[in-house]
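Presented sequentially are two complexes of chain A, the first with chain B as partner and the second with chain C.
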Partner chain A sequence: MSFRERLQSWRYNLVPDHVVGEILTKRWTDNAIPFLALVVTLATFGSIIPGFFKLTALQESTRQLGEFSMVVTGMTVVMLGGGIDLSVGSIFALSCFSAVYVFFILEQSIWLALAASVATGLVFGAINGYLVGYLRLRAFLTTLVTFIFGRALFDILVTTYAADVQLSTATSDVLDFIGDSTFWGLSVSVWLAIILAIVTHIALTRSRPGWHVLAVGGSRRSAHNAGIRVRRTVFMTYVFSGFCASIGGFLIACRLSGAGPGTGLNLEIMALTAAVVGGVSLGGGRGSVIKGLMGAIIVLTMTNGLIRMGYGTGTNQMVLGIMLAVAVTIDIRWLKNRHKVLNEVYVAPVYLKMGKTQSAAPGSGTSYELDNRLSAADHIGLGELEGPEDVILDRDDNLYCGTRHGEIVRFFAPDYVKSEVFAHIGGFPLGLAFDKSGNLISCVGAMGLYSVSPDREVKRLSAETSRSWTSIVDDARLRDPNDCDIAPDGRIYFTDSTKRYDAHDWALDSIENRATGRLLVYDPKDGSTRTLLDGYRYTNGVCMAHDGKSLFFAESWACRVHRYWLEGPKAGTAECVIRDMPGYPDNINRASDGNYWMAWLGMRTPSFDLSLRHPDMRKRMTRRLPQDEWLFPNINTGGVVKFTEKGGIVEAMGDLSGGAHPMVTSMREHKGYLFVGGILNNRIGRYKVAGADPNWTSPASYWGAKS
Partner chain B sequence: MILDPVLDLFRGKAVTIPPLDGAFRPNTRLDDAPAFAELTEPDNLLVSGERVLASSGNAIYSLAARTEPKIVETFPSAVTALALSPSGELTVGLESGKLLISGKEVPLPAALSCITALAYADDGTLWLANGSAERAPSQWAADLMRKGASGSLWRRDAAGGGFRKVSGDIAFPYGLYSVGRDVLVSESWRHQLVRFDGATGNRSTVLTHLPGYPARLSPSADGGAWLTLFAPRNRLIEFVLQEKHYRQDMLSQVPPAYWIAPALASSRSFLEPLQCGGIRTMGIHKPWSPSRSYGLVVRLDQDMQPQFSLHSRANGTRHGICSVAERDGILFIASRGGDCVLAVDLASGGF
Partner chain C sequence: MNTIGWPNFRSLNQEGIVFAIAVVLFVAAAIGLPGFVDPNNLVAIVRSVSVLGILALGMAVVIIGRGIDLSAVAIMAMSVAWYLQLLNSGMPDGLAFAYVLAGVLAIGLLNGFLVAYADVPAIFVTLATGSFVFGYVRSQLITQDAVPVPQGHWVELLGGLRFLDIPIEVFIFVGLAFLFFLFLRYTKWGRYIYFAGDNPVAARNIGIPVRPMLMLRYVLSAFVALIAGLLTAASLHSINTRIVNSTLLYDIVLVAVIGGIGLSGGRGGVRNVLVGAALIGILLNAMTIIDIPLLYQNLIKAAILLGAIIVDGIINPRDEQTAQQGDI
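And now, the complex of A and B:
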């Protein structure tokens, strides 16, 4: 092994590249960027400005933050519903004025002032909501108009009544308390903001109206089709935003005991920036209250920090603008390219040096030598079937197979011309086995382990095992249950080929070659599923030995067959019985002469074997080429191989022309014939095996003669 | 995206190839055409009077409809190029690097050892393409995979005398077509047709971005030309060409027949590389799937621009076409991958 190759094997086998891809599949990675921005902002200003985190300074900042975050919460909800509300600043200002007017000029109680404030917010919110929601005007223009209108109204009112407010003598303890005091260390506005955030968060994530908002924002048309009242939902988001802004306005009225020309100025830009910087998507449907709050803290820290560092309003606006631009770009690019990034990063190949193999080429003279016998097989269901991965026969000689449409099809003996859909399961039924009482047990790709009773009742047996401690993506779920077999005591042993890919992406797993295949056992007595073995390169076929004391299972990408002991001194351990085959093994089944049949789904090629030693090349291949162009193992030629209990190879047969059975994934011997299935084939083959016992059947071999 | 040029440094650019479109729009004409004669790996075709000559292995055969090919002449090594002089002398290039004119060996400069194509100009000037300075014609795949560009163009004046090198550093010249004083060369590894000035040797590209590896050129009746493309461009192969370590290991450890490299025929052994798109699904081999071999003949007009083409697609068998010859409105096509010579009636049209 060259130094470079050794380096490669360390680099790709010891560095867990696959973790990056798995983390990216998590939804919470959307929060990572805003969170990082938050930490950076706080750290930067905290270190530049002395006393930034001092209590007195914080107290004033947090009061401001309380008011601001309420407005942001309202804005977040509108944006989640797919809209935008530019009028929050003027609603905030007008609500503030309403409170001031009622309290200072009309000299009414503070509660009445609050009511006036809230009413102002609700009315303006309702106007927005009516125009945008019911009349379906453009949100941007509509709220821009309400913003200009509201602002103008506020300016007129403030200049008219400013002097009166100054002269007023009205006081209230409640007002002072709200404006100046703290409660358990936090000001009232902060408490209110926290309560509002929690309630909104719960409403959005746990309640029907909240889900409706997210659904409408995600896809208006789909939401409509699903029966959601879209217009009303949109209306309500604006009303809620108006309500939030009005509470903020009331709080600032209490804090400043008045209203000035600067109240709520530029608030809409700040709130919008906060929401977007926090990661609430402008397109609607994606985001959360927490994100909005993170954004609010970032924006407020930034603006206050800049002011304390001596920069003017112009700089502040400029920074806000830049932040908004950056955030919008990241938001759109990330949303659009996230799946691409994931695709590029997810496949993380490892290094493997395959052992030298004997040739299977015709004329090579080895026991693996493939011939053309299978091309002479009769065909069953040609053109009707799609993807019979496994085939099985019952005691009455009827033939069953799964299809890629999620069905189990039954062909009737003796000529196998007539067929019917025996049961519909869904997913992709792969491995099949009959249990003692005649239930058909099937490993269903992408779903789990299922049982179909003789009267066609479909029952799920297992879809999960226990989760391993170091997993990032939940590996309790069965992603690719592949083949099963049943022990004499009724326990079902089955394989889950990979934790990394779903069943239909099995080929990607061969490119990556990471060892994540498992052997599991399902116990029908208590319905539990346990993982017996883990860390194999695509575990595939399972077959109980003739004596029922051990089982064979195939490890496809490593071209090996292992024996797992159920009883005896080696119970619970596995040993490799066949290694370095020239083909990739698939299902294994019993043969009538005491040996075992094994299907080869494809053949090793020198070029692919070499690529396994070049993980960097495979990684670049997955990035630079579309999937159709990727190098694969040669699965256009498969075969059927008979091996002994000790692992010796008896014979091998194939279809070298590839016309009838290019890829063989299963075979089942029954009364002297071999039934051959292929996951990518459109037929089942029936081949007369020379010298096979014409009376031997699999159900009798497993469960004894018919009682 | 605006950041792509920067990101490409880390992740690598997508590998792309020219699409089969326009004049290259796929059809199945080569697979539909009847076989004119069965012959193992027919390479060069030549029309000599009433006879159609084809080279196969180290022999030249004479072909006629509904009869077995008859051996005209055999040679000590494989025939790699054929041409007929204006005065009717049969000119043969051999794998061993020898050149015979009317059976007489012509002394060649030592640098000439890979004769891939021969062509006479109307005035009797003989053009000779030397595919590579290092490898024999049958080693073409190794030359491509080692990124060879050591081919050269030679000429011998009608008056006789020795061969004179016109130009060098050509990436496998594989076809010649004489145009007046100039000559058109198909530069295979660079997927282009280049015109060399007969007097100065100056080059100018005529047709670039071909979707395959161009092989021999031959004249057509109306003053245009026929261009054969012996193998398709394939994104995986172009990718492997950029993968230094993998490629070197492949060249040194994998038998040449199983390389990820263009081929004259494919899917004959399960040890050959397979690409995802080429997987047989539900009994179907997709005709548009990526393939190492393909059959493609292109008609070029008088300005050497492609007009139409004849195809044998990924699921076809008439692959690896290196040479064609036109006579009396019939186009003879030699398919090395399909072991046959086809005859297509041009008069019926429909292109």
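And now, the complex of A and C:
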């Protein structure tokens, strides 16, 4: 190994590049940025301003936070529904005035004041909702205008009644309690804000109206076409926002016992900034109440902190402007480019130097030497089938295979002309096996392990295994269950080829070449699934040895076959029995002479072997070239190989014409014939094997002669 | 077709309606209000709307290109306030003006860049930059709300200039309006603005440099705001930065929208601005003569703007199937 290669292997095998991509697939990364901003803000101002975290100071600032976060909650809901509400400041101020007017001037009870406050908010919100929801005006400008309107109204009212409020002698214990008291260390407004946030959160995430809001925000057109009443939903979001702002206004009326020209000033840009900084997306559909609250804390801490640090007039606006511009830009760029970034960084190839192999070329004289025998195979279901990855025969000689359309098809003996859909699974059935009682067990791509009873009842056996602690992607889910086989005691051993890619992205997995394949076992007694082995490069075919004490499994991208011991002194361990083959192994099945058949889905090429030693080149390739031009395993030539229990190669056969079976993913011997399937093929081949036992069948080999 | 009898109301567009209302208002005010048709009052009307009209010209160009510039008033007030502050602190005129020009250019470019290349909705970009410009200049560059014009400075002299007893800003407004008319109607880039506003994707597909032109529009709007700010300072001999928090910004949008420039872009022209400015000028003047308090004037203006937006929404309705996601 040259120094350059050693460096490459260190760089690409030891540095966990793949972690970045895996983290980016997580939904919580959306929350990470605002949360980080929150921590940084609190830490910065907490360290600069003395006594920032003192209880009394906190109580005063949290009181303001309670009112503000209510307004932000309302704004968040409107934004989730795809709108925006700039009139919250006016609603806030007018509701505050309503409460003040009813309580101090009309000298009515505080509860009536609350009712007046809420009514003001609801009416104002309904006006907004009607204009934006039903008349479908532009939310931004419309609420901007209603904001001016409300503000003008408020200014008139305040100047008219300011003196009367001053002279009023009305007092109330309830008002003082709401305005000044604390309850378990937190002020009433904070408690109310928390309750409102929890209720709103539950309504948004767990109720029909909440889902409708998110659906309308996510895609207004789709929601409309799906029959959701878009206009009414939008209307309701504005009414809710009005309600939230009015409660906030009532609270500030209690706290300040009055209303002044400054009430609710700049509140709309603060609330908007808070929601956007928190990560509530413009245009709707993405965000949560929690995000809004995080934004509220950030904005309020910043503005209050700057005031307490003694910065002059205008500083707030400057900071709000910067925060809004930065947050909106980040939000829009992130939304737009997240999947692009993910595509760029997700594929993280590793270094691998493949061992030297023997040639499989015709005439090379090695035991791997391919011939043209398979081109002479008869065809079954030509043109009817798409993608028979695995084939299997039952005791009555009927032939089963999976198809790309998510079905298991049965061809009837003896001529295999007539066929029927045996069962509809929904996913792509890959490996097949019969258990003792004749149930057909199948590994279904991207779905899990399924069982089909003889009377066609489909049952899911397993879709997950235990989660490992160190994995960032959810490796409990079975991403690519590939082949299975059944031990004499009924336990089902199966492979899950990769943790990082879905089944159809197998080419990317081969390019990345990271060892994430697993061998798992499903125990029908208690329905549990366990991971036995981990860290192989695309585990593929599984086959129980003839004596049932060990099993063979293929490791495709490393071109190896391993033997895993179930019993005996080596139980629970695996050893490599065939290494450095010239082809990529797929399914393995028993042969009548005590040996094993193995399918080759493709052949190694010097070019791809070389590229495996250049992970940087493969990374560039996936980033810069279209998929058609990627270098990946050659799957235009495959074959069938017979090997002994010790790993010796007996013979190899192929289809050099490429016309019938260029790529072979499985083969099953039955009564002297070999049935051959390929995942990209349009037929099943039937080939008469010279010298094979004409009475040997797979079900009998596994479960004994028919009873 | 009925050629006799009632006019065909469907052929009336918003501009025509607004013009008719303006004429009716004018006639009503002329009959009902003493001193309204006095030449001095008429000049006062034109003078009062000329700054508004100049700002509306810049806004119109941006709106026709399917954008909006909410930072116009902030740029107008704060650039001039900074300029006067620099002068008052003794900086040479040329250098101070160069600074201000550079600042205005930078804000216009920033607006345009964020809208064109970062794909952020114009409304948020300009709201944020407007807030930033006000906050930054107010807190860092100037010391008080109002900044006076230095004695004998050309800005002060500009305010006193008259031609045929008509203040100079009226001529500047008329001249600018004519220039904008020529630009929008007869230059290639002017026509491109309509294409880009009507259908940005199609405009881009036929090879129009949509994004550089978008930046240009915001720069243009920023410079127009600077001119309007200089004229304001000229007539008042100082600039009060509190104007940023007033309803002036909405008056500008009001002039543009009520004149018939559709907010969805691609429609309207200088004539619409003139009609809108005429109506608003007459209205404001009439309200002042009737002695309606300023607060109530704001209420009335807001109600009119709301009505204008509702009419705009009905005339240019948005379709559920083709409305852009996130187009708020």
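FYI, the second predicted complex is superposed on the first by the 682 of 707 C-alpha atoms of A that agree within 3 Å, B and C clash if a C-alpha of one lies under 4 Å from a C-alpha of the other, contacts with A are read in each partner's own complex, and residues count from 1 in each chain.
Quick note on the criterion: contacts are C-beta pairs under 8 Å (C-beta built on N, C-alpha and C of every residue); 3 or more make two chains touch, one makes a residue touch a chain.
Since we're looking at a predicted model, the values are computed, not measured.
Is the arrangement of chain B and chain C around the shared chain A a clash or a fit after superposition?
When both complexes are placed onto chain A, chain B and chain C end up side by side without any clash.
So, does A:Q627 touch the first partner chain B, the second partner chain C, both, or neither?
first
Considering only the touch criterion stated at the top, classify A:L324 as touching first (chain B), second (chain C), both, or neither.
Only chain C is touched by A:L324; chain B is not.
First (chain B), second (chain C), both or neither: which does A:V230 touch?
Second partner only.
After the fit on chain A, how big is the angle at chain A between chain B and chain C, using C-alpha centres and going to the nearest 10 degrees?
For this superposition the angle at chain A equals 80 degrees.
Contact-wise, after the overlay, does A:R333 reach chain B, chain C, both or neither (first, second, both, neither)?
Touch partners of A:R333: chain B and chain C.
After lining up the shared chain so the two structures overlap, which partner does A:G658 touch, if you call chain B first and chain C second: first, second, both or neither?
It touches chain B, and chain C stays clear.
With both complexes overlaid on chain A, does A:T142 touch chain B (first), chain C (second), both or neither?
Only chain C; A:T142 stays clear of chain B.
Is A:A705 in contact with chain B, with chain C, with both, or with neither (first, second, both, neither)?
In the superposition, A:A705 touches no partner, neither chain B nor chain C.
After the superposition, what is the least C-alpha distance between chain B and chain C in whole angstrom?
6
Residues of chain A that sit at the chain B interface in one complex and at the chain C interface in the other, please.
333
Show which residues of chain A lie in contact with chain C when the two form their complex.
Counting only chain A, the residues touching chain C are 82-84, 131, 135-142, 144-146, 148-149, 151-153, 155-156, 159, 219-221, 224, 230, 269, 272, 276, 282-284, 311-322, 324-325, 328-329, 332-333, 336.
Taking the complex as given, what residues does chain B use to touch chain A?
Touch residues, chain B against chain A: 1, 11-15, 234-236, 239, 243, 245-246, 249-250, 253-255, 258-260, 267, 269-283, 289-290.
Contact residues on chain A for chain B in the complex?
Result: residues 4, 333, 337, 344, 360-361, 370, 386-387, 507, 603, 605-608, 610-611, 613-614, 617, 620-621, 623-637, 656, 658, 662-663, 680-683 of chain A touch chain B.
Over in the complex, which chain C residues touch chain A? Could you list them?
Going by the criterion above, the answer is residues 114, 118-121, 123-125, 127-140, 145, 247, 250, 253, 263, 295-296, 298-299, 301-303, 305-306, 309-310, 313-314, 317-318, 320-321, 323, 325-328.
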